[in-house]
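The structure is given below, and queries will be raised subsequently.
We call the chains A, B, C and D, going by the order they appear; numbering starts again at 1 in every chain.
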Amino acid sequence: MTARNATAAVIGAGDFIGAAIARKFAREGFSVFAGRRNGDKLAPLVADIEKAGGKVSARSLDARQEADIAAFLHEADRHAPLEVCIFNPGANVNFPLLETTERVFRKVWEMACYGGFLTGREAARLMLPRGKGTILFTGATASLRGGKGYAAFASAKFGLRAVAQSMARELGPQNIHVAHLIIDAGVDTAFVRERIKERGGDPNTLSPDTLMEPESVADAYWYLHSQPRDGWTHELDLRPYGETW
Amino acid sequence: MTARNATAAVIGAGDFIGAAIARKFAREGFSVFAGRRNGDKLAPLVADIEKAGGKVSARSLDARQEADIAAFLHEADRHAPLEVCIFNPGANVNFPLLETTERVFRKVWEMACYGGFLTGREAARLMLPRGKGTILFTGATASLRGGKGYAAFASAKFGLRAVAQSMARELGPQNIHVAHLIIDAGVDTAFVRERIKERGGDPNTLSPDTLMEPESVADAYWYLHSQPRDGWTHELDLRPYGETW
Amino acid sequence: MTARNATAAVIGAGDFIGAAIARKFAREGFSVFAGRRNGDKLAPLVADIEKAGGKVSARSLDARQEADIAAFLHEADRHAPLEVCIFNPGANVNFPLLETTERVFRKVWEMACYGGFLTGREAARLMLPRGKGTILFTGATASLRGGKGYAAFASAKFGLRAVAQSMARELGPQNIHVAHLIIDAGVDTAFVRERIKERGGDPNTLSPDTLMEPESVADAYWYLHSQPRDGWTHELDLRPYGETW
Amino acid sequence: MTARNATAAVIGAGDFIGAAIARKFAREGFSVFAGRRNGDKLAPLVADIEKAGGKVSARSLDARQEADIAAFLHEADRHAPLEVCIFNPGANVNFPLLETTERVFRKVWEMACYGGFLTGREAARLMLPRGKGTILFTGATASLRGGKGYAAFASAKFGLRAVAQSMARELGPQNIHVAHLIIDAGVDTAFVRERIKERGGDPNTLSPDTLMEPESVADAYWYLHSQPRDGWTHELDLRPYGETW
């Protein structure tokens, strides 16, 4: 591993995709800044990365607070130039329309869309003076389809996709690569395994490669960051080979 | 005009599309409930409709307030059964990314997306017990494309489109028609004429039918409401014949 | 019914949607030119329209033959100015990939896409000198989604949609309205009822309005033709209220 | 370079993208089978690959002929198991609608869509018994948008995209990765440089990285082939950083 004088910030560094992304960029020599609501939960990730010889800083942050996001990214950038910024918080909920409270609708939007806007804008503010950077947003099936019961989640995810497009069109010509990944299937997380059980399935007897490994997803983030600027991807989808779509 | 025992509510009854929709449904015999931020500005619309023999009630409401929306729709429904509900507030703004404040981003979303969710949900609450109704949302070019400078507006409009889709999938089988109109061009409004001037054009020398008349747009809302339930449209676009797209 | 000095041509005037469109435009006073592979099968449609006081000419034509299409439309136009042209042939097939022969792939394309191109182009050739006309294309779910087993059908339907878009962008500013309808559900046809039986259902016990009536679909074609040119729709979808999508 | 017992076939191995893909897969140890209309033009590519120590076979083939495609792929597969198959022929033309002859419309479709169907199907026939393989299709801006003058090209490209989707849905669960790349900008080819001149530009004074290098595009094909099967991408777009879209 060759250390780089560069930081990769991950907002929404949860136990699965977010953590895998953090490990990947750390392995590639980035100083990683990992943020999530409860920063204490980042201890295992920090241990993992440091054991492998990587550099990582863990912070508690509320992705719905402009001040938190700005402070986190500015600190990261003081540590070493912010080259990569990834926005990954999840907020997947499903409620019948009449049971979708204004509080849920607003909170899901704040976490999944508003926080993404703030993150992208603050990252751009730091990257633009250097004319260089990568900003990546995690999308989902619900980024493209407003399914039954998903008024809150799909609305936020559609909104985040618009943010990504708008930023890409403005920042691309300034050499900042903005991309949006459609994670169109279940990643192998505790949440997904629980939902499989709820539907009467047994997640332990799934065929191999039926759920996406967080590491495979993280590789796609790395690929997007690695693309030469004469051929940038703005959007790609990801799903396991056996998925029905 | 045959009066119906039915109400059509228009939230965002602005001077142009919203007013034309209100006039159209009034002409078709509906009692119209028209709401906008400053209800005093509805006086000319009320005069128009009443002069033509129609029925209309004007109210001030803040489409970003759950209580306002609920009170408005419940009052409309007590007046006569709420059969049609139209969400039409505009919030078209364009800012460079770094100048898009969190306040603007939030406010645009509250007006154009959150208010739409609340409106649709409260309308559904009133319509579902009767198993009948039409809910229509006004979209824009920015509902499909996150253009440069449109992070706030496109994000809100994408989000509203997801709300419309999600509601349509849940409410359709319960006989409530939810549709979304993509207004993909300039309607003949003061705002659009001003923007034409800013770009060096003269809105008074435009070819005929180059801008959409609000009445033409209103006819599309009426058409959607009039469709038999064995053939419902969820989404259609509207633009003048000469528009480049 | 007021007779008009205008012709509406329907290519693919099958027993269901195509026939309903022909009846609708005849009722609205158009001279209808109805064409299908085996023109003899048009006898009941002709009888229907004439009984109702309408005017109709039935012709055999092969929508895969440039000469047939041109001759049909030119004859229609000599009869009275061609104002409306509708392309409606169906070619819905589903085969596993390895069983999709080159013959099937080509034939489905010729019927559903190539014929549509020829129809639209020849209609435009007749309409452009008068600066007026409407050209409508029938699409399907497969216009937007390449489902399993639909390589041939979806490919042709995607292709037809591109033709419609390209024509709309070129012809719109010349006052020719080109639109594309996504028929996203089963219309009440013998073919659809047969497929319901194959899946173990009983089409005679379906809930009312579960299948689209051809007349409801035809009304959407009429609506598109009737739109004023300051507010044209290029694409709309149609499905019954209870449809899952 | 470690030689593999595996063949990568490139149909439409033109001077730019196709050749770059061939070189890339040869460098990665594949035996490459390169086909184009006039196989003699492949001599420089063959020299390049062999000089670098790679293995390549060049063939003349007409991608519009089922027999040619089948013979080419079967020969490739006898040489070493066919693991990768790439369909890349271009057919970019722009004609006003009335000047788009049926011959052009048909020919463009045969080259850009029908040939893709045949290629994908024959590749699948060879790959399915081994339960392994990658099939990649080259798309373009016109795969998503039917622009003015593009009735023929966009129709074919839309059609090819449907083929790719349909194949992906059927073949994915059988462990064959089917993907579609949207090349949404000018690649650095003689054709594109000529078009820049026609518009009055000077392709020699373009900013660096304004046109895509074929090698950058080829890397995306390699990336798609390299994805683990628990996280496959079906579609991604590619454009240079400065592109307006």
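Note that in this section a contact is a pair of C-beta atoms (placed from the backbone, for glycine too) under 8 Å apart; a residue touches a chain by one contact, two chains touch by 3 or more.
All values reported here derive from a predicted model rather than from experimental measurement.
At the subunit C-subunit D interface, residue numbers used by both copies make up over half of all numbers present, so the two copies contact each other through mostly the same positions. The chain with its C-alpha centre at the largest distance from the centre of subunit C is A.
Centroids of subunit B and subunit D (each the mean of its C-alpha atoms) stand 45 Å apart. Separation between the centroids of subunit A and subunit B, computed from CA atoms only, is 34 Å.
Each of the following residues of subunit C touches two or more other chains: 169.
Chain contact topology: the protein chains form a single closed ring, every chain touching exactly two others. Remark: the chains found to touch one another pair up as A-B, A-D, B-C, C-D. Residues 66, 96-98, 100, 102, 105-106, 109, 113-114, 117-118, 120-121, 124-125, 128, 142, 145-152, 154-171 of subunit A touch subunit B in their complex. Put simply, subunit A touches subunit D in their complex at residues 169, 172-173, 175, 177, 209-213, 216-217, 219-220, 223, 227-245.
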